[in-house]
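Right after this note come the structures.
The same chain A turns up in both complexes below, where it pairs with chain B and then with chain C.
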Partner chain A sequence: MIEYVWLVPLLPLAASLIILFVGRESDHSPMPYVGIAAIGAGLWISLRVIFDGAVGAAVLPFEKDWSWYSFAADLGGRAFIFDMRAGVLIDGAAAVMLAVVCLVSLLVQVYSLGYMHGDTRFKRYFAYISFFTASMLGLVVSNNLIVTFACWELVGVSSYLLIGFWFEQKAPPYAGKKAFITTKLGDLGFFLALLLTFTYAGTYNIVRLKEAVAMGYLPPVVLTFIGLGLLAGAAGKSAQAPLFIWLPDAMEGPTPVSALIHAAPMVAAGLYLVARVYFIYLASPAAMEAVAWVGLATAFLAGTMALVPYDIKRVLAFSTVSQLGFMMCALGVGGYTAGLFHLTTHAFFKALLFLCAGSVIHAVHTNDMRSMGGLSKRMPVTFLTMAVGSLALAGIPPFAGFFSKDLILEKVFEHSHLMFAVLVFTACLTAFYTFRMLFLTFLGDGRDHDRVAHAEESGSVMTVPLLILAALAVVSGWLFEHGHAFASFVGNGGAAEAAAEAAGHGTQAAAGHALNPMVLAVGLTAAAVLLILLAYSLYGGPDLSRAARIKERFLPVFNVLENRWGFDAFFLFLVDASDRLAVLCRWLDTEVIDRIFVDGWGLICRVFAEISHLFDALFVDQAVDGCGYVSRDVAGRGLRSLVARGQVQEYLLYLAVGVSLFAILNK
Partner chain B sequence: MTLTLGHYLFLGSGLFIIGIFGALTRRSVIGILMSIELIFNAANVNLAAFNRFLHPDGVTGQAFALFIMTVAAAEVVVGLALVLAIYRSRDKIYMEDINIMRG
Partner chain C sequence: MELPLLSLITFIPLMGALAVLCVPKENRRVLEALSLTAAAIPFALTVWLYFAFDRSTAAMQFVERHAWISTDAVRIDYYLGVDGLSAPLVILTTLMSLIALIASLGIKERFKEYCFWFLILEVGMLGVFESLDFFLFYVFWEITLVPMYFLIGIWGGPQKEYAAIKFFLYTLAGSVFMLLGILALYFKADPHTFDMLQLMKIHGSLSFRFQVLAFLAFYFGFAIKVPAFPFHTWLPLAHVEAPTAISVILAAVLLKMGVYGIMRVNYPMLPLGFEWFLPYLVIIAVINIVYGALCAMAQNDMKKMVAYSSINHMGYCLLAIAGASATGFAGAAFQMINHGIITGALFLLVGVIYDRAHTRDIGAFGGLAAKVPVYAGLMSLSCFASLGLPGMAGFVSEFLCFLGAFPRWKIYAAISVIGIIVTAAFFLRMIEKVFLGPLNNKWADLPDMNARELLSVVPLAVLMIVLGIWPRWALDMMNTTMVGLAGLFR
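Now for the complex of A and B:
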């Protein structure tokens, strides 16, 4: 089965083209089923790949590539044929990512059948979704960094299309542009890293690159720069500080799209990239440390920002950013499996949470949690599944988030106690803001009676995906953690990473700094439960006045958080500054360069041309006219009548004198 | 005393100067034609002399002299015919009277 893994990205791509170009736009278009079938086939292939890999029927990592283009090159006096190859490289992480992306995309598409029903661009929406998934899958399987980069940009394009899907409104196109431009800022780093990579390693193939790094062909400084460049790209795509500003605005897209962006296809891309070229970071401790700090800052900042918004999707958005920070931090401290593990479990429960939020929004037609409350009776399935998702996000055992977050915290503790403290604090915040959202939405009174009273549970096409995801959110953590199944599977493709982890673990344990996992687990759970109770006491009842009083007292803090620590303002300032710079440059161009240099040069040329003209008219032309004047024959006067008198002997005399003159002057 | 190239050139230039002088000063057309014959002969003397002294093996100079004599004879025929035609039509033979080429 693994030989056909290249079909996984191509099937949705073909599906998206078919959906886009075949059939007519209508509410009952059968086209979405094409996309669902394609992604279903992809899911089947990727599950088979995982299964084969797990039982040993297939050897991971699996690489297969085809010649893309080749040309004769001559470098440093050495002629050779450069052959650019593109293909698939499947290691444990890639196999898991394939399955996660396919699964989430499949469920989101099924869910969208209900959510997007009646939209004017029903068919096109599914074409975009398939295209989005295809780009992400291409990014996952590619063994060539150029193809990865191309898919990376395609992910950006399709996210732009999906976020701005409702382009009739004002906010979505703006959010789409913001997402696209912000991620592009990071992509610049990615691109520079690619250029550096090829300059020093001469290949884009990931396996070859790994060999080149192992052989020490790349100087450490270059490795650090490559690592930082890739980190910039990852920070853009995975919404890390300071480029996370686009993710909260990406909420403007349809909610299933948010689920997709937040769970698997888009934000995972950056983390996956870092994991894919982990050998570069292992070879460059500085870049690795940068990864860890970026992740830490993101986790903390976004965690605090998630405390204040009233938009249900915005809370989820900030929590995604925060969890991505956790993962990035884990990768940065050497927790390769921990990061990927959290990525996987997070994909399940974050998709679940978003789809639940979508279900709620679909029922009450607003994002504002102040207009909700008391929905638990009206929407029991959504409430229960969302509660499961929230428990998983908050890290309560035995839900998925507990296992993965625990693993990350263990890793971070070995690395740095400061980071550990910050992350524990953030994890507690996670528990608080998640349940603040849950309680505000589902418990207490219905604060907006019109909306709440008319809310109805969504149809089964929407609730079934919720239930499947909820089941995964319950069991996936335990399933993967059991017998270290995930670690051994993912470690398959990265023996070096596993060895590095083992080495790090060994030295730390010997120094006696390792944390007792039991203490951590119990402590964290207790803290989380306490904060959930605190959230309940503040937001769980019908009376929200205590929460309001607290907000009154800490108003400046709330304002800072609502302004997102000023990051948006900072970037808007940058945009504004660049606008002003552009105006200044234009002024410089038109007023200084055009006026002084261009026009000035023209003036000088004109002056010289006038002088030249005067010389021409006064001297050259007059000389010519003079010649004509003296040879005119007017009334028997002038040169002609003087010389040509018809006397042959005179002519002969002139001839003789002329020849004599030549003879004399020739001396 | 042996004759050298210089003597012949002296003779040639003497003939040439006499010819030029005649051509510029004679009033009669006949006289001018005769002076031109002298110039031709000056050239012939030079050709023969140069051939004799610089290239004694060849006869190019002499051959050229013969050609010139032939051409000169033909030219004199044409010239005298023109003179006769002018004299018959205008009854004039002095050069200053024949100025129909006046510009």
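Now for the complex of A and C:
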């Protein structure tokens, strides 16, 4: 089956084209099923790949490529025609990612059948979703960094289309643009890294590149720059500090799209990229350290920002950013498996949480939690599944998030105690804000009676995906942790970790500093439970006045958090500054370069023309007239005398003098 | 006897132009049919050329050589031929001419003269790319000027006379210097010759001083056409005033004559001058890229915005040439083709909205995507192609341009990437303001694109995607020539 793995991205791609161009837009269009069938087939193939890989029927990593195009290249001082090949490279991480992306996308599409029902562009929505999924799957399988980059950008453009899907309003198109431009800003780093890669390694094939790095063909400083460039790209896509500003706005899209963006297909891309070229980071301690710090800053900043919003989707958005920071930090400290493990479990429970939020929004037609409350009785399935997702996110055993977060913290502890302390603090925040959201939405009294009283549980097309994801959120952590199944499949039994150790990462792991896993687990769980109780005491009852008083007390802090630590303002300032610069350039172009430089030449020519015209009129013409006068005078008298005297020679002499004078003056 | 393919391609439009003169101007149908045929046959022949082209050699192909003016003192040949640099441009020219002519069918007044001048223009453009004799090259180069002058000056917008005369004088000033360069090379060569291939072989005998001076003379002529900073200001003006189809030709083909000239003349004939100029060229390229993009961002007129984006895109060509590498040359050659296709489509699309709304002010619209979905889709597609979205043609060539320049000019290439983000910003802002958001009710009855408009834009849209996914079909034509070009002085 593994030799057909290239079909996995191509099937949804074909589906998206079919959906877009075949048939008419209608609520009863059968076209969405084309997308569902395609992604279902993709899921089946990727599960078979995992199964075959696990039982040894297929050898991982699996690589297969084809000649794509060729271009004139110069390497080693020689010009020749370079054969660009593109294809698939499947290792454990890629196989797992494929399955996760396919599964989440499948569930989201099924769910969307209900959620998007009645939308004026029902069919087009499914075309975009399929395209989005195809781009992400292409990114996962590609063995060529150029193709990875191409798919990467296509993920960006499809997110642009989906975030701005309801383009008749003002906010969604703006959010879409913001997402595209912000991620593109990071992509400039990716772009430069690609230039460096080919210039020094002469290949874009990931396997060849790994060999080149292993052979030491790339100088360390180049490796660091490549690592930092790729990190910039990853920071854009995976919403890391300071480029995370686009993700909360991306909530303007339909909620299933948010689920998709946040769970697997988009934000995972950056982490996956870092994991895919992990060998570069292993070879460059500086870049690796940068990864860790970026992740840490992201986790902390976003964790604090999630404490204050009243928009249910924004809480989830900030929590995603924070969790991505955890994963990035894990990768940065050498926790390859831990990072990818959390990525996988997070995909399940975050998709679950978003789809639950979508179910709630679908029922009450608002995102604002201040208008919710008391929904647990009206929407029991949604409440229960969302509670499961929240427990997983908060890291309560035995839910999925517990295992993966635990693993990350262990890894970070070995690397740096400071980082560990910050992350533990952030993990506690996670428990608090998650349950703040849950309690505000489902417990207490219905604060907006009109909305809450009319809320109804969503139909089965929406609740079944919730139940499936909830089941995964319960078991996936335990399942994968069991017998280190995930570690041995994805991480080759800790090969990357061993390499990281060897490369000098995980510095404080020396003698006896390793953390007792039991202590960590028990301590974290106890802290999380305490914070959940705190959240309950503040937001669980019908009386929210205590929470309001706290907000009153710490208003400056709340303001800083609500303004997202000023990051948005900073980027708006950048946009404004570049606009001013553009206007300055426009002015320079029309008023200085065109008017002075170009038209100035014209003016100089005109001035010269005027001068010669004046000269012509004043001297030459006068001279001619004078000649005429003289000649008339001379000739007048002379001619008569000539005629009278018959001296033709004299006439010719006058003529010659007149002509030569004319010629000289008129020169 | 072998078929004189290039002559047929070049002179069928001329015959068409002469035939057009014989048709009474009331006979619009006949005029349309005639001029379309005169543009379609050369295109069909270039399709043949595409398939018959030998991709494994860097030598000139389809060569035709006959003595034209032959005296004891001077020998001028009728000498045509194409290689991997010029053949794609010839194909681009016939394609864009046909498409621009289809787009011109909406012209109401003085249609007969329009067709005449248009076809003459096509002759000139094709000749420039095919000529291998400098004298012939110059003749064709000048032939493009006159029709362009009339096409802008008669069928243009409110400031047409000013734009036409500015275009004419500016480019004429450039070509005077070029003529100077041609004559200088002619007299330096021993024996004196206008044979361009021969002139590529004499650089060994040319002193550094001479090469620098001759380089500057040629560069001045070509840089105005490209247009390279600071000689670019005629372009936005000419574009804004020119009728749609002429803007298409201007952007798609005429600008390429400048880049082509630098690659065909300045680099191979005057390598020392070229080498001397590189540090300046790369700075000019960076200015074109970043400054052009910033200027585009500040425009309110869609057409002016696209015009400035052309300056940005031509900057990528200059950057690539400054890399003086095989990849760079391939990037520049491919970028020329892609820019022709993409910017051509953009100008056509701007024309579509202008025909309906009689305004191009970006701020005057809003929410059109709900009203004119096909138009919005094609426009967005072209914008994404132009901002270098992977999967579309512009990305491949832009990337090659950067890749070609990077080994030599790392810092400059790194600065130039700013152009990429600015380009993305102004195209997306335009899409947002024109197509998205609440519908501006003023345009509630705006009709979507008609069949003629679709016929002119859709082929270009298809090409953008095909060449983006499968660039082999274009690059294979160029590669061998570019490797040869880069290897000239190694």
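The rule is short, and it goes like this: the second predicted complex is superposed on the first by the 576 of 667 C-alpha atoms of A that agree within 3 Å, B and C clash if a C-alpha of one lies under 4 Å from a C-alpha of the other, contacts with A are read in each partner's own complex, and residues count from 1 in each chain.
To be clear about the criterion, contacts are C-beta pairs under 8 Å (C-beta built on N, C-alpha and C of every residue); 3 or more make two chains touch, one makes a residue touch a chain.
Quick caveat, the model's predicted, so the values are computed rather than measured.
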Which partner does A:21 reach: the first (chain B), the second (chain C), both, or neither? neither
Tell me which partner touches more residues of chain A in the superposed arrangement, chain B or chain C. C
Per the contact definition in the header, classify A:66: touching chain B only (first), chain C only (second), both, or neither. neither
On chain A, the footprints of chain B and chain C overlap at residues none
Listed in rising order, chain C residues that touch chain A in their complex are 166, 169-170, 230-231, 233-234, 237, 291, 294-295, 297-299, 325-327, 329-330, 367, 369-370, 384, 389-391, 395-396, 399-400, 402-403, 406-407, 413-414, 417-418, 420-422, 424-425, 428-429, 432, 435-439, 470-472, 475-476, 478-480, 482-483, 486-487, 490
Residue numbers of chain A touching chain B in their complex, please. 633, 640-641, 643-649, 652-653, 656
List the residues on chain A that touch chain C in their complex, please. 68-74, 77-81, 146, 149-154, 157, 160, 164, 167-170, 173-174, 177, 180-181, 184-185, 188, 191-192, 194-196, 198-199, 578-579, 581-583, 585-586, 589-590, 593-594, 597-598, 602
Considering the complex alone, what residue numbers of chain B touch chain A? 20, 23-25, 32, 95-96, 98-103
